[in-house]
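Written out below as structure tokens is the structure these notes cover.
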Amino acid sequence: MAEIMGLAEAVAAVVRDGDTVAMEGFTHLIPHAAGHELIRQGRRDLTLVRLTPDVLADQLIGSGVVRKLVFGWGGNPGVGSLHRFRDAFQHGWPVPLELDEHSHAGLVNRYVAGASGLPFAVLRGYAGTGLEGRVGHYRPITCPFTGERLAAVAAINPDAAVVHAQRADRDGNVQIWGIVGVQKEAVLASSRSLVTVEEVVDRLDPVPGAIVLPTWAVTAVAVAPGGAHPSYTAGYSERDNDFYVAWDAVSRDRDAFRAWIDTHVLHADGAGVPA
Amino acid sequence: MAEIMGLAEAVAAVVRDGDTVAMEGFTHLIPHAAGHELIRQGRRDLTLVRLTPDVLADQLIGSGVVRKLVFGWGGNPGVGSLHRFRDAFQHGWPVPLELDEHSHAGLVNRYVAGASGLPFAVLRGYAGTGLEGRVGHYRPITCPFTGERLAAVAAINPDAAVVHAQRADRDGNVQIWGIVGVQKEAVLASSRSLVTVEEVVDRLDPVPGAIVLPTWAVTAVAVAPGGAHPSYTAGYSERDNDFYVAWDAVSRDRDAFRAWIDTHVLHADGAGVPA
Amino acid sequence: MTATYTASEMMAVAASRALADRQVCFVGIGLPSTACNLARATHAPHLVLIYESGCIGAKPTRLPLSIGDGELADTSDTVVPVPEIFNYWLQAGRIDIGFLGAAQIDRRGNLNSTVIGDYDHPAVRLPGAGGAPEIASAAREVYVMIRQSPRTFVDRLDFRTSVGFGDGPGDRERLGLRGGGPKKVITDLGILEPDPETAELVLTHLHPGVEVDAARDATGWDLRIAPDLARTEPPDAGELAQLRRLEATQPTQKKGDA
Amino acid sequence: MTATYTASEMMAVAASRALADRQVCFVGIGLPSTACNLARATHAPHLVLIYESGCIGAKPTRLPLSIGDGELADTSDTVVPVPEIFNYWLQAGRIDIGFLGAAQIDRRGNLNSTVIGDYDHPAVRLPGAGGAPEIASAAREVYVMIRQSPRTFVDRLDFRTSVGFGDGPGDRERLGLRGGGPKKVITDLGILEPDPETAELVLTHLHPGVEVDAARDATGWDLRIAPDLARTEPPDAGELAQLRRLEATQPTQKKGDA
């Protein structure tokens, strides 16, 4: 049964140094508050699994939290590239960054296999591309019925999944709606999970398009209002587009980046309010 | 784009003699009205694919519509066995019935593979059971990463899928809610599809738990109020439990069965009203 | 003074007692639903009921007539598509207790729900596998609820629909079955549990009023009896009252349906 | 009198015209979204927009800044999980037109969005594959929107992220790629289409004001020119008005973002 606890305690309970941590949210519900807590706690050596590394990933990488990135597409959409990501990968600052890249279809199906208790998934992909032969998570497989050659991708079972959702009830059942992404699969594929929520309510009233993660399938729940900012939470907040645009300049320079993290993360409380 | 048409026309357009037809609905939304139209039109030689053959399957089999049944579990839950199913299989009445049986997990994953454009799906199953070695849709497969032995099931791609849903809008977009079963997969795996609906509305207002099949993924829509009876349609009707109990006696005897079909199907209109 | 109760009621009560609060149960209709809802109404109010129709966390007030009853869906924490219930929730090992019934069971807890007689020309064609093989394969523990008679407790199954312990110790591992297999077989005569070393069902409890010979006579193999064979406690007044309240909610359900 | 318009606007208009009503399009942000929404606002009101965030049938009133914009979800016929959008909707061949961009393209329409330079020690690390390889593989037709220069139109890709026609005729079939591959490459200079026999991109249209030599100079291989090379019609007043109305809805979007 999911335990409702404070953000700092929840992060400490669910994520350990060296863990493989899935932090998902496809433009929507990106778990920034939890990510900032990882930075505040000085976590290290994480393998970050994220379909679409973005500003959050950039902040984690630039803060030295991440030693390996498992991903599909990395950038600041509509703005440009991720400067901290590039700096870590190309110059090893602040710590070297290893990459394990995928197509989105490949990585989502790794999550599906992981959530399904299977060691691999099958898809049409990888053939003829440069990732073929380069990545360990892909191998060819032959259909036992048709002889057709397809792609097998190894299941991914992270140690921890960290996601943001709209709300939970007092028993810890979690409700997510809007663009639900791959969060259900990430949580179900992982050994432990932390869900930050905008609020805890008495009852989860049904919402069109909502998915529910039963409390017994989640490890910890922590209240983090605005916990997706600058991403958004349908029904609660809007995407802070200006933030994403401004991030380009903030993150371009190591010192500017460190100053931003210092003000907005290290010396901020769990609500992201700078000291 | 789905065409909205009368039930008779829609059935004639979507289902042809000799077709493999998926008729799905897991206790809920079972497409009885469409099935009765198949009987009225004297369709023949169908391979009926249905996870849970039930009273509807019994009626189709007993009317000589079905020559082969692809299924997982066949019975009248809580009441007893299906007499027409047994009569056809064991005595060839009214026409011989071939069986291709599955576990539910096997058949649902065949639908998933079919809907996903893959020739097979992988699951944990079949090993050590009597179906191993007996059925053509299963073959063992080895995980290319772990060497683990798993089950592969061949994709199923029916010629037609026939399902019942709550409603469609005037463009033919279909909305289904409640126990959604495997209907989305069945429709997407099939070359053609017919969705019977309780009503056509101007707009599909969002409903918690609802799935939507876009009009361009459906072939035909036909209005059939009460089209699931004696099964039910969440939001529109209740399961007619008495009918299921009474079916045992009706179907036990060939003459009683034929008389029932004559009165309630052959001489009934599309609304199931006996002449 | 002992209350009178039926064999089915004893089975439901015995199964209910075997459930612990907060366990996650994969349930079919009939006695398993009765047992689980009795447990929910008594000592296990947070028992999680999952039905293969896609209902997760169902909390029915009436015993369901079918696994797709509207009330199951209406009271569930969530309803998911059927592929998801099998792939994410059962196969991935999230089920603590899986309930199964069958037409035949053998000494290793393997089950037949497919045919009596020859497969191609059976004496009786049974419903088939349904969800059973994967429940038998994946659930952490399987509880089988089945009447005990020479017709059901057979030396050799006519068809193996679902694997209990297969051909013996180590067979589940060899076949890659990740769940623990049948841990309790609850009958109208008593309770059997597997011997961990031989993977053979052993009679561990006799229900009140049932003697060992009756159990032996009802078994098509040389039934092993536990040295510390115990007596099932009869249903107490509270259990019976809750059970009968539940049964009254579904008058059309055949009593003793397993 | 000809209106003035930017090269990006010409690209958006050319792509919009290439779309037929009711086609199902898999769209990313930037020029593809602009083109699709322009088509929706002009000749293709029933165009179906699918975004890999899970939005099916999005009908935004503002150009989206991201593929997961709230308005995309709010206006969609339905929003599905990301595994489903890839497995049921893209992989199964339900997409008519898939839009792609890239950092590099070669004469066979293969694309690079992974690295400039060596893979392990690149000069520039690009975003990576994202949805592109499977869009390239599965869409019935792929439209590529990309600026044309010797930097982008290269003789040999530094990395092959997505397959166009691979190494030549028959290669898609050999690799098991079921979609038709790149059928139009829309650049700021003109339009290229594949020669069905050689699977090589051929310049079929030049935009107004662009001459053949400019296109040749902007291409890192010996660019083939169609014998019946045509001139793209410039944007008409109606197209431009709609396009600018759309662009005004999203002032923060970099103009000409591809």
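Note that the chains are named A, B, C and D in the order they appear, and that numbering of residues resets to 1 at the start of each chain.
FYI, a residue touches a chain if its C-beta (ideal position, glycine included) is under 8 Å from a C-beta of that chain, and two chains touch if they have at least 3 such contacts.
Just so it is clear, the structure is predicted and the values come from calculations on it, not from any experiment.
Asker: Is the C-beta contact count larger for A-C or for B-C?
Answerer: B-C
Asker: For chain A versus chain B, what separation do you get between their C-alpha means, in angstrom?
Answerer: The answer is 39 Å.
Asker: Just how far, in Å, is the C-alpha centre of chain D from the one of chain A?
Answerer: 28
Asker: Hey, what residues on chain B touch two or more of the other chains?
Answerer: Expected reply: 117-118, 123-124, 148, 150, 184-185, 209, 211.
Asker: Give the residues of chain D that touch two or more other chains, as numbers and ranges in rising order.
Answerer: 78, 87, 91, 138, 178, in rising order.
Asker: If you connect every pair of chains that touch, what shape comes out? Choose line, ring, star, complete or other.
Answerer: Its topology fits none of the listed shapes; call it other.
Asker: Chain pairs that touch, all of them, please.
Answerer: A-B, A-C, A-D, B-C, B-D
Asker: Using the touch definition from the top, list the residues of chain C that touch chain B in their complex.
Answerer: Touching chain B: residues 29-30, 52-55, 65-70, 72-73, 78-79, 81-83, 86-87, 90-91, 114, 119, 121-122, 124-134, 137-138, 159-163, 166, 171, 175-178, 252-254, 257 of chain C.
Asker: Please name which positions on chain B make contact with chain C in the complex.
Answerer: Answer in residue numbers: 26-28, 51-52, 71-75, 77-79, 81, 85-86, 89-90, 101-105, 108-109, 111-112, 123-131, 134, 148-150, 178-182, 184-185, 209, 211, 232, 234, 238-239, 241-242, 244-245.
Asker: Under the stated contact criterion, what part of chain B meets chain D in this complex?
Answerer: 1, 115-118, 173, 184-185, 188, 211-212, 214, 216-217
Asker: In the complex of these two chains, what residues of chain C are touching chain A?
Answerer: Listed in rising order, the residues are 22, 24, 46, 48, 56-57, 77-78, 87-88, 91-94, 138, 178.
Asker: Touching residues of chain A toward chain B in the complex: what are they?
Answerer: Listed in rising order, the residues of chain A that touch chain B are 117-124, 139-141, 143-146, 148, 150, 152, 154, 206-210.
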